[in-house]
Structures are given as C-alpha cells and as structure tokens.
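Here subunit A shows up in two complexes: once beside subunit B, once beside subunit C.
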Partner chain A sequence: MTRYLRLFGLQFRTSVLLALQYRFDFFIDAAIGLFWTATAVVPLFVVYGDASRPGIPGWSFGESLVVVACFITLQAVLDGAINPGLQAVIDHIRKGTLDFVLLKPADAQFLVSTSRFQLWRVSGLIQAAIVFGLAFRQLDRLPSVFGVLSASLLLGVATLLLYSLWILIISAAFIVVKVDNLTYLFTSIFDAARWPSSVFRGPVKFFFTFVIPLAVMTTYPAEALLGRLELQTLGFAIAGSLTFAGVARAVWLQSIAHYSSAGG
Partner chain B sequence: MRPFAAFRALPTLLKIGFAEAVAYRAEMLVWVFATTMPLIMMMLWTSVAAAAPVVGTGGQQWGSGAFVAYFLAVFIVRQLISAWASWEINFEVRQGQLAMRLLRPMHPIISYAMSNLAYMPLRALVTVPVVAVLLATQSGHVATDWRVWLLWLVSMFGAWLITFFVNVAVGSLAFFLESSIKIMDVWLALFFVFSGYLFPLDLFPPWLRATTEWLPFRYQIALPVELMTGKLGLEEGLGLVARQYGWAALLIFLSLTLWRSGVKRFQAYGG
Partner chain C sequence: MIRIRGLQKHYRVHKRPPGVKAALKSLFKRDYEWVKAVDGIDFDVAAGERVGFLGPNGAGKTTTLKMASGLLYPTAGEVTVGGHVPQRRETEFLKKIMLVMGQKQQLLWDLPPSETFELNRAIYDVPRADFNRRLKELSELLELGELVSKPTRQLSLGERMKCELAAALVHGPKVLFLDEPTIGLDVSMQVAMRDFIRKYNEEYGATLILTSHYMDDVTALCPRVVVIDKGVLSFDGKLEELVKRVRPEKRLTLRFSAPVPREQVAELGTVVKHDHAESVLQVPHDGVNTAVARALATLPVVDLNVENPPLEEVMSELFARSRAEREVAA
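Moving on to the complex of A and B:
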C-alpha cells in the first residue's frame, strides 16, 4: 500500500513539474473555462429570463444553478484527472507501447490512471465555486452541514462512476483499437448531465439513471445540497456505484488478459 | 498557380476525399453521435414548454412541437455545415506536413475545402433518419414553399463558407502562435451561445436578439434552421442570406490575408 502511495507521489510530482513549466497556461485555461462556463449558464438565464416563462418543472432558477455548478465541478475533475490519463492509454494501445506499462511490476490500471494530470484545470473548480455562490445567493439561504457532507460524498461517488465508465471505454479500445475520438464522444454524452434530470422523461430517464447514471452524478448532489435528498437514495447511489466500479475493474482485468498487443 | 488546372483537379480531389470518408466511416459515425447537444437542448426546452408554450421576444409562441422541429433542424444543419480545417492546419503546421501541401501546384486551402466537402454525402446520408422523423412528426413546422427550400440550399452553402473560412483564419494563426486551437475553443463557445445552437434566438432579450444580426454566428445555424422550419418568409430570408454572404466574403478576405502572411513565416520544422 505504501509502495502505491509512493508511486502516486512520484507520478503526481511529474504532473506538477509539467504544470509549473507552463505556468501561463493557468490563465489561458481559466479564461477559456470562463467561456465554457458561460455556455452552461446562459441557457438557464434564457429559460428563466422572463418571469412569464414556466422554467424547468420542479426546479427554480437558483436550484438549477446548483445542478450546473455540480456539472462544472465534475467537468473540471473529468478534464483534469480522468481524461488525460486515459487518453494516454488510448495512445499506448494505438502505438503498441502499452506492453511497456504492462511489464512494470505494479498494477497496470493504477499506473495508467495516475500517469497524467492537467493541474491547471483546477480553474474549473474556482468557476464552479462562483456559480455555487451565485446559486445560493439567488436562493437566499445556505446549505446545511449534512447537505454539504452528503453532496461531497456524492460528488466523490460521481467521480468514481466517471472513472469506471472510462475504464469500460478503454476496455472497448482493446477490441476496436481505432478510438481516437472516444474521449470526445464521452465528453459530449456527459454534457447531458448539465440540467436537472427532471428534463428527461420515459426511456431517456431510465437510460440516464441506470445505464449511464448521469442523474446520479449531478442531480443527486444538488438535491443533497438543497436538503431534499432522501437518505435511502444516498445509500442506493453509493451501493450502486461501488458495484459499477467493481464490474468495471472485472472487465478491465478480463480485457487485459486477452490483450494481444497491437505490435507497432 | 493556374486557376483552370486547379478546376480540372477538383473532381479527383473530391473522389479522394470521399474515399477517405468511406474508409474512416466508423470514426465519422462517432463524430455524428457526439453531436448530442441539440438533442439535450431539445429535452430541456420541451420540458420547459410542457406546461405552457414559451413566449419569444416578438410574441412568438414556442410549444413543444416547435422546439422538437427546431432542434432536429439544428442537428441536420450542424452535420452539414461542419468544418475542421483549423485542427488540420494546426496539426500540419506543427508536424511540418504542410510542406507537402505547399509543394503541390494548387492552393492548400482548396485541398482542405475539397476534402471537407467530400464528407458531406456520407454525412447527409446519416441525417436522413433525422429528416424522416422531422417530416413524420412535425410536418406542421416545416417550410412548404419550394422557393424557401431553394434559398435554404443557398444559405447552407453560405453557412458552410463561414464555418470553413473561420477555420482557415484561426488555423492560419498557428503560423504566428504555437497553437491556435485554444482560440478555436473560444470561438466555439461564442458560437454555441449566439448561433441559435442552444436555444432559438427569439428567446433572447430584444437587444441581444438585435446584436446577433450583426455577428457571424447567427448565419451559421439559425438562418438555415429558420428557413427550414418556416419561421422566415422569402423576403426576410433573402435579406439575411445577403448579409450572410457579406460575412462569408469578409471572412474569405481575412483568412486569405492571414494565410498569405503566415505562410511566409512557415519553416517546416518537424518531420
């Protein structure tokens, strides 16, 4: 265990050094992030811009902003911590250099997942904090301590879910090899998580709750912050995503076992 | 470069591009499926309009059906006007592969344009089911005048011209900067908000609605979509298409100027 901690420290340090080498990128990333944050927030201003408009059923302006803030948080985590490492795997698979990773005397999934971090994407967390601030000023109240705790827990769960989904996609990459733009596909499906899940109805709702659990990722933490998430749902969310992570791990081990190397 | 020689090569270039599109069909399908935003926005807006129609700036009523038709049209338009030259140029400048293109007796911009246009038949094929759904479920929200459809074709080409030459202009900045992909990101974010991609421009407050008429974005998505869904009459449409081609001409001029001064700095480093 300590060995893995030390390994993590080493891998993380390379990312830090790399980020420090391109210090100026922090400002560029933050500036561009502002534009993307605007694309997430502007539609809500339009939806609620006119008092006569009914808005999203069951969600006030402030409440929907909380969902968007959760979305921006997770997007920063996704871009900063999950995407870069797994993009590296896709490159490895295509070039056939994954063999070198597999030969190393440590768990391959651990090695590839921690190999790269885009540290400057923390600017996304700052933007999320701003939107959270806006939202709770609009609501004119503060979340309860229990709400904050369970929301943080749920955001952790969401990160685990995103990570597991990614592992599943990578396992697919072992089979189809040519998956350059899968990162892009994944990011655009995640885009659906930016609105409260009540906008989805019928089979789409089922799909986004159980197959690709986007509802769990952003709507549940927001509801926890707003103090209207039932304890039972919290329990189900945690149990469900732990199972999901287990399945993803099993699939990864399976596909690694069948990996026959791309060979250049 | 002799212009007529270039014209004779166009069919061949298109054929090569089409073969490429067929070869990378799986990748192209992933790109198509990744265009989820119009569908996500459709779900948002239909749920907003479920209780009562949304009222636009000019008093237009937007019911669920109108939103469904609008965003299906957005999906179709977005597929057919897309361009990716900016990423290609950035990549080739950095890798030095542009040197190969410069050696050919043809302007590189023409070859980028042709390989881009050659993808359109396949992309059009992919949009067929979406068109079918649009016609089958929302025929009340589709233009019926054939002259409007003719104008739609003209506006689609204009929209593609704008998208493509913005790509070339931003791509040419890669000659001056290390990489201009981040500038493209900023453009895309602005495009999302002001083009009518996320919501019909009717729903903007009046002053913003008026501003969009003077920005290029509106002519990329909203104009063809509004023609398709019968929101624009022939006369109004003609005026807007004229402005659209004004923007296209301006962008062609800008991107050619940037390209010309950029190529002079090109050193073909890398491979």
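Moving on to the complex of A and C:
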C-alpha cells in the first residue's frame, strides 16, 4: 500500500513536471472550460427563461443549477484525472507500447490509470465551485453539513463509476483495437448527465439509472446537497458502484490475456 | 535459466483479398486462417549464457521473446525463466527480467531520461544506494554524461537508445531479452552498444538472448545461435558449427602484385570474385593449407587472408535451404 502511494506520488509528480512544461495550457484550458461551462448552463436559461414553460418537473432553476455544478465537477475529474491515462492506453495497445507497462512489477491497471493527469483541468473545479455558489444564492440557503458530506461521498462514487466505465471501454480495445468511436459515444452519453434524471422517462430512465448510471453521478449528489436524498439510496449507490468497479477489474484482468502486443 | 518445451503460438487472422468488393464482402462474411507464429520449439539457455536468436522477418523470434517475458500467452507448450512461469507475471519474475525492444521506447518523451529512471526505480523498488551505484556504472559504460538531463525529444536516435538501455537496466535484470537493440544505429554506435552488452553480461552474469538482423552483432556477442524459421527451429549450436554446416568452405582472399588470369586462380578453388589484382576463393576446410601453399609458390601474392564466409551469406543460404525443404515436403 505504501509502495503504491509512493508510486502514485511519483506518477503525479511526472504530470506536474509535464504540466509546467506547457504552462500556457492553463489559460487555454481555463478559456475552453469557461465555454463548456456556459454551454452547460445556457440550456437551463432556455428551459426556465420562459415562464409559460413548465421547466423540469420537481426541479426549480436553482436546484437544476446544482445538478449542472455536479456535472461540471465530474467533467473536470473525467478530463483531468481519468481520460488522460486511460485514453493513452488505446494508443499503447495500437502501437504495442503497453509492453512496457505489462513488463513492470506493479499492477498494470494502477500504472495506466495514474500515468497521466491533466492538472490544468483543475480550472473546471473552480468553475464548478462558482456555479455551486450561484445555485445556492438563487436558492437563498446553504446546504447542510450532512448534505455536503454525503454529496462528496456520492461524487466519489460517481468518479468510481466513471472510471469503471472507462476501464470497460479500454478493455474492449484489447479485442477490437479501435475503440475511438466508443469513447466518443460515451462522452456524448455523459453529456446527458447535466440534466436532472427526472427529465428521462420509461426505458431511457432505466438505461440511465442501471446501465449507464448517470442519475447516480449527478442527480443523486445534487439531491444530497439539497437535503432530499434518502439514506437507503446512498447505500445502494455505494454498493452498486463497488460492484461495478469489481466487474470492471475482472474484465480488465481477462482482457490483458488477449493482449497481442502489436509490432516488432 | 530459460527452459522452453514444445512452445507454440498460433493466431487466427482475418484473410481478405485486395479490392473494394472483397472489403465489402468481408463486412458480412470473413475468412480466417491460422498462422503458426511459433510451432513447437525446444531449447534451454544456461545462466550467464549469450545466445543469438536468428531468423528471417516473421520467423517467430519476437513472439518467442514476448512469451518468455510474459507478454503473450502460449497456445501450447511451456516456458520457464529462472523457475518462473512468465504468464503469471509474478513480481519476483518481473524484477529479474527485461525485454529491450529497439523499435519501441519507454522513455517519457517530453521529460529528461532521468525522470524515467527515477520512476523505474520506484516501480522496481530499487534501494536508493543501489540505484545510484548502478546508474553511475551505466552512465560510465554507456557514456551518458549530460544526456540524462536533456528532454528525450531532443536526443538523437543513438543517444535515445543508450538511455533506453539504461532505463531498462536500472533494476539490474538477470535475464535480458534484446530484440534488435541496434536497429537504426550508425556503425560506431552499434559497436558501442555491443561493447556495453558484453560488459553487462560479464559484470552482472546476466543471461542474454539477442535477436538482430545485423550479423556483426551476433558474431561479436553470441558464441551460440538458435535459428528459427516459420516458427520451427532449424539450428541450435555454436556459431562456428552453423557456418561449417551451411558453408563447409573457408574464404581465401589473395592480393597480387601483378595481374593473374582467372583460370590460374581457379585451380586453387571456387572463384567467388576476381579482378586482376585481387581474387576471392572458396576452399574446403581441409584444403586450405594446400591452397595457401600453392598460391604462395605459384602466384605473385602480396597479401592473403583466410576467413569464414560472411554470416549474412550463411544465413541467407540456410533460410533458402529451409524454404526449399518445406516446398519439397509440401
């Protein structure tokens, strides 16, 4: 455990060194991040701007903003901590350079997952904090301490779910090699997480709750912050995400056996 | 140290003729064929031994090395390295070995090689004092100097390859699989690499399997060679024996002080090359002394040289024979 913490520290240090080499990325990332934040918030003004429209059932404008803030937080975590390392795996598999990871006496999933962080994406977290602030100002109240704690826990759960989904997609790359389209599809689907889950009905709601659990990722943390999430739901979310992570781990281990080490 | 028995690796590959029609057809119905990359090979390598693993492109060399280093799972057969089954990827095993691939790199592209060394130190759990000592030795042997602190992307191919070797060796592996380690390097860098590999083998007692298309690498480093072609072993023994078996003649080069007609030279052996000032002949092993004595007695010889035929020729003849034998068998 200590060894892996030390390894994590070193891999993180490498990312810091890389980030400092390209310092202008911070400003570029911040500008692009602002644009994406705007695209996440603007649709809410369209939905709630016209008083004649019913809005989203069960969600006021301020409450929907909390969901958007959760979405921006997760987007920053996805872009900054999950995507860079795992996206590189697809390239490693195609070029055969995953050899070097598999030859190392450390867990390969750990090594690829911590190999790269886009530190400048921390700007997304700052933008999320601003949207959280605006949302609770609109609601004219503050979240409870329990609400903040359970929301933080649920955002952790959401991160684990996102990570596990990525591991499953990457695992497919061992067999089909070109999974770029799958990653684009996943990114597009994840976009739906900016809306409270009550906008989805029927089979779509089922799909976004149990197959790709977007509801767990953004709606549940928002509900926790708003003080209306049942404790039971929190328990189910944690148990579900741990199961998901276990399945992803098993699939990853199986997939390594299919590695064909391209080239040479 | 390395034990390989009945090792096989078969792949199922999609087979498609060229053209749009075939491409469209393959969307719905695909034809597959089995490729026998390695088809039942056996050999052992003793601790500290240096073995050349030779064969034409696609012979199964790299596939064998990848199975021995645990990257690929064999279809059948077994391989053990230092008592470990590579596919289990046990930490102890992975700390003992390294696969160096001339065509792939592990150095972090945008950072100096020293960062990769440091990362590998942590991954391989090398104590700081051992790491510093070994890195100092490697830096001296490979003459790394300031290279380790320049970003990798600014290094030349040769400089990068030196640093790749250092990155691969900071944990002091006891078994080295070297897959084309000198590919693309200029002649002086190839010589430097060979010197380094030999010194590493001698100083660390490391077991070494080398694949290379440069026969000079093999001649300089490997007293023993294992030859593989189409996934099957065709020779395992001393390099000299291979040369003797495939080309049982020596090569006699004569330089003259005055022009000599070809017919006169042909009396000594088979003429490979001739101009009036120089002749290259092939002479049976047991006839070399007689041929040399006759040349000195009857021709205006100013210089002579007796050597084995170039290994490139030996190998290409061996592969041609293997192909012919397979065609006859088919």
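Quick note on the criterion: the second predicted complex is superposed on the first by the 260 of 264 C-alpha atoms of A that agree within 3 Å, B and C clash if a C-alpha of one lies under 4 Å from a C-alpha of the other, contacts with A are read in each partner's own complex, and residues count from 1 in each chain.
The definition used in the following text is that contacts are C-beta pairs under 8 Å (C-beta built on N, C-alpha and C of every residue); 3 or more make two chains touch, one makes a residue touch a chain.
This is a predicted model, so every value here is computed, not measured.
Subunit B and subunit C, once both complexes are superposed via subunit A, fit side by side. Residue contacts after overlaying the shared chain place A:Y259 against subunit C, while subunit B stays out of touching range. By the touch criterion defined above, A:G246 reaches neither subunit B nor subunit C.
When both complexes are overlaid on chain A, the residue A:D99 reaches subunit C alone and has no touch with subunit B. Looking at the superposed arrangement, the partner reaching more residues of subunit A, out of subunit B and subunit C, is B. Contacts of A:V46 after superposition on the shared chain: subunit B is touched, whereas subunit C is not. Judged by the touch definition given at the top, the superposed model places A:G133 against neither subunit B nor subunit C.
In the superposed pair of complexes, A:R3 makes contact with subunit C only, with no contact to subunit B. Contacts of A:Q21 after superposition: subunit C is touched, whereas subunit B is not reached. Once the two complexes are laid on top of each other via chain A, the angle at subunit A between subunit B and subunit C, using C-alpha centres, comes to 90°, given in steps of 10.
Of all Cα pairs spanning subunit B and subunit C in the superposition, the closest are 7 Å apart. On the side of subunit A, the complex with subunit B involves touching residues 28, 31-32, 35-36, 38-39, 42-43, 46-47, 49-50, 52-57, 176, 178, 180-182, 184-185, 188-189, 191-192, 194-195, 198-201, 204. For subunit A in complex with subunit C, the touching residues are 3, 6-7, 10-11, 14, 17-18, 21, 95-97, 99-100, 102-106, 111, 257, 259-261, 263-264.
Here subunit B touches subunit A in the complex through residues 26-27, 30-31, 33-37, 40-41, 43-45, 47-52, 54-55, 182, 185-186, 189-190, 192-193, 198-199, 203-205, going by the rule given at the top.
Against subunit A, in their complex, subunit C makes its touches with residues 11, 62, 66, 69-73, 89, 91-92, 94-95, 97-99, 101, 103-106, 108, 110-111, 115, 118-120, 122-125, 179-180.
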